[in-house]
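Here subunit A shows up in two complexes: once beside subunit B, once beside subunit C.
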Partner chain A sequence: MTRAALLVLADGRFPAGGHAHSGGAEQAVAAGRITDAAGLAAYCRGRLHTAGLTSAALAAAACAGADPLRLDEAADARTPSPALRATARRLGRQLLRAARAAWPAAELDALAGARPRGVHQPVILGVAARAAGLGPADASYAAVYEAVSGPATATVRLLGLDPFEATAVLARLAPELDDVAARATTAGVRAAAGGRTDVDVLPAAGAPLLDIAAEEHAVRTARLFAS
Partner chain B sequence: MHLDHSETTAPQHHTSGAPARRVLGPPAPAGRATRRRALRVGLGGPVGSGKTATVAALCRLLHDELSLAVVTNDIYTREDAEFLLREAVLPPERITAVETGACPHTAIRDDISANVEAVEELEAAVGPLDVVLVESGGDNLTATFSRGLADAQLFVIDVAGGDDIPRKGGPGVTTADLLVVNKTDLAPYVGSDLARMARDARAQRGGKPVVFTSLAQEGGVRPVADWLRERVASWRAA
Partner chain C sequence: MARGVTDAAAAPTAEVRPPDGTRATGGVRAHARITAAPDARGGTALPELAGDGPIALRRVRAGAGEARVCLVGAMAGPLGGDRVRLDVRVEPGAALRVTSAAATLALPGTAGGPARYDVSLAVGDGAELHWLPEPLVSVRGSRLHVTYRIDLAPAARLVFREEQVLGRTGEPPGRLVSRLTVCSGGRPLLDQATDYGPGAPAWDGPAVLADNRATGQLLVAAPGFAATPAKPHVLATAQAALTPLPGPAALTTAVAPDALRLRTLLDEARTHTTAAYEAR
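Coming up: the complex of A and B.
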């Protein structure tokens, strides 16, 4: 296993489509819920402990060898917003494309064949981490970091927020990222224990406002970000 | 290496140089197995130079002779896609919009995944296609398409943006396979010197073609259409 592969996978420039998504931040900015660095920090904290935790556990479970198609169903059940389900599958397809180029693996090819319309992105993230020789904890880290880094970079573009301040927000969240990643890893490894797939032990933390805002965002006529 | 993507794949197989790998998945539709995928042509250039107008005019002129589809990269609306739909230059299922997160050049160069998806979806849904036109969101003079996305690219500038743009150069002007200098009908009103633009462009581009167009005039897109036909012919022959 190579730990450095995690840097490649979690790099914001990894060409898997993330740059066009704000993680809900565009709608939160439009609604006045994020206006400054403090608002960004609060938003990121909320997303981390809800959608971030749920995603990271799915990623860890996939990396630990749970059945990705069962996990995809579990992700559907944990994503009430149709717009977010569509986004997750689209980003899953884009990540799968990049991952197959970066870490060719039969498992990734099989997933592309089994679900041409896409699998939820966190599940692909886990299988990609596995193909890269990484472990469940690494997959969790990539997922929790993505949960907060997406909104942070988007807010820099949307509000002209000082990029040093936005980065400091992320740095201050690091201990919480550790904590959430650890919980997600424990759940994900349990879900895959004994060569079975037990999706019921995976967290199902959700944030109704993220779901509602995603639906509002999806019908806006003018927007910079796809989600 | 240019076989239809439904038979062989490997992300960006046409640039990787790696042997094409078979994928699990549905077999290629009958009769398409040996057909090449469509030629992918990128259109870049500054805001308002006439990219969408060029796409619309090409579709109107060529839709009887070539099977075409379009991907637009609007910056914050779906206006370009909607314009093309409203003008009915192609049936709606042949036009797709991609969102670019405030960075149009990222979507055509650094992270092409959404655009490649869109192109492949069009080929799967309405293919076989001869040409997919990918219009970039209006950007700056450094925006160029990745070779992983576009097989050929044209850069559209206009005479009203200043007749010193060819002299300034930049990756779009110097490296595009075709430079289009549009809106020549406006030259007298904005004091642009077309001869100077032609001279500067030639000097910057080392023999690569430059055409001058006025899409305000009937058939004004013809020089671009002729170039495209040649590209399609060599794509088929290669």
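Coming up: the complex of A and C.
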């Protein structure tokens, strides 16, 4: 494997459409729940330990060889908000397109054929990591970092937050990113163990306000970010 | 009186032994069961109604075609390391409504691991279950793990309400970890885990509950949603949204400052799902 492939996959400039999404931060800012760096840190922590953990475990399981279509079903059940299901599928399609160009693989082609409307982005992330020669832990890291980097970058634009402060928020979260990535990797590898796919062992951590706010955001007329 | 679920001896009433004397050194292992089945007269019989430990079951006056059971507190609560389990089965064609006499209190203790409360609900084809207990209140210092496992046949009907209140008025909550896993026709429909209270990361932050101290869900499943899926609908800004699930069901997720407001939101959500629920 080449570890540098992880930098390519997790790079914010990787052309997979992530820059158009705020990870729910736009609605949280609009509702006054994020007003400063401390609010951003609390938001990122909450997202990391809920949606971030759940996504990372799906990515790790996909990378470890679990059935991606069953993981997609499990991701659906873990995403009660239809706005977030649509977002996850749209981001999945975009990531799949970029990944097929970057790391051509039969598995990626098969997924595109089996689900033309898209597969949840964390599942594609896991399969893409595998195609890039990376392992389940790498897939987890890419997913947990994305769970917090999206809101941090968006908040710089939404609040005019000092980019140094936003970056410091991410740096301080690093030990927790390690911790959540490790738990996600363990669960994902377990879900794929023995050539089976056991979705019940995958975390299902959710956050009520993320789901409610995603529905509010989806019907807003004026917005900077797609989610 | 509130039913109590506690993880260690706190109140003198916790010394009360269950009638069948199941308390062992590792704590109570209580396993209550309800089975509802169609009777010969178009109604629903209860061939099995077995309370155990802290769960006492009372049959209450039936409605049209429907059996009704009320969960009543039989003792203050199990002690450290206790596991309380409730299995409910509604056979094809039967109709059951389950309520509770009062809120369930998760109580603090001085020893033992977290208390566990595991509920399994199975609803057959053409069967109906209304699961409408009073809220679960996480009292300061308590530790409770709750799981709900729900298996729905493709043509099952379900109205499931879950309400969690984090702390009594003016007090911080205990730790309340829960998971709700629902399958419809063997396929995953909903899987949601939450972790609230001291020690849970960012549970009171802007992504999870913010300042709200009551949270709940109303899950309504019925074959009618297959033809007419629920429309996504924000019921109250920053408080409640009704959403179609990837299957014949609608989920309302709600947060509120208190239990009263939470109930108002979930009652309103129910009126929006009545038509699809009753479609035959």
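Keep in mind that, in the parts below, the second predicted complex is superposed on the first by the 227 of 227 C-alpha atoms of A that agree within 3 Å, B and C clash if a C-alpha of one lies under 4 Å from a C-alpha of the other, contacts with A are read in each partner's own complex, and residues count from 1 in each chain.
Quick note on the criterion: a residue touches a chain if its C-beta (ideal position, glycine included) is under 8 Å from a C-beta of that chain, and two chains touch if they have at least 3 such contacts.
Because the structure is predicted, anything quoted here is derived from the model rather than measured.
Colleague: In the overlaid three-chain picture, which partner chain does A:Ala20 touch, first (subunit B) or second (subunit C), both, or neither?
Modeller: first
Colleague: Which partner does A:Thr185 contact after superposing on A: first (subunit B), second (subunit C), both, neither?
Modeller: It touches nothing on subunit B or subunit C.
Colleague: Is A:Leu210 touching anything from subunit B or subunit C once the two structures are fitted on A? First, second, both or neither.
Modeller: The answer is second: A:Leu210 touches subunit C but not subunit B.
Colleague: Give one of first, second, both or neither to describe whether A:Thr87 is in contact with subunit B, with subunit C, with both, or with none.
Modeller: neither
Colleague: Any idea whether subunit B or subunit C touches more of subunit A?
Modeller: Here the partner covering more residues of subunit A is C.
Colleague: Would you sort A:Ser149 into first (subunit B), second (subunit C), both or neither based on which partner it touches?
Modeller: Neither partner.
Colleague: Just checking: does A:Val199 make contact with subunit B only, subunit C only, both, or neither of them? Give me first, second, both or neither.
Modeller: A:Val199: touches subunit C, not subunit B.
Colleague: Indicate the residue numbers of subunit A shared between its subunit B interface and its subunit C interface, in ascending order.
Modeller: Subunit A residues touching both partners: none found.
Colleague: What residues on subunit C touch subunit A, complex-wise?
Modeller: 179, 181-182, 187-195, 201-203, 205-210, 215, 232-234, 237-241, 243-246, 251, 253-255
Colleague: What does subunit A use to touch subunit C in their complex?
Modeller: Counting only subunit A, the residues touching subunit C are 24, 28, 31, 33-34, 39, 42-50, 73-74, 76-78, 80-83, 85, 176, 199-200, 203-213, 215-216, 218-219.
Colleague: Of all residues in subunit A, which touch subunit B in the complex?
Modeller: So the residues of subunit A in touch with subunit B come to 13, 15-22, 90, 93-95, 97-98, 100-101, 104, 109-110, 112-114, 116, 154, 157-158, 221-226.
Colleague: Help me check something: in the complex, which residues belonging to subunit B touch subunit A?
Modeller: It is residues 9-12, 16, 21, 23-26, 75-78, 98-103, 106-107, 110-114, 116-117 of subunit B that touch subunit A.
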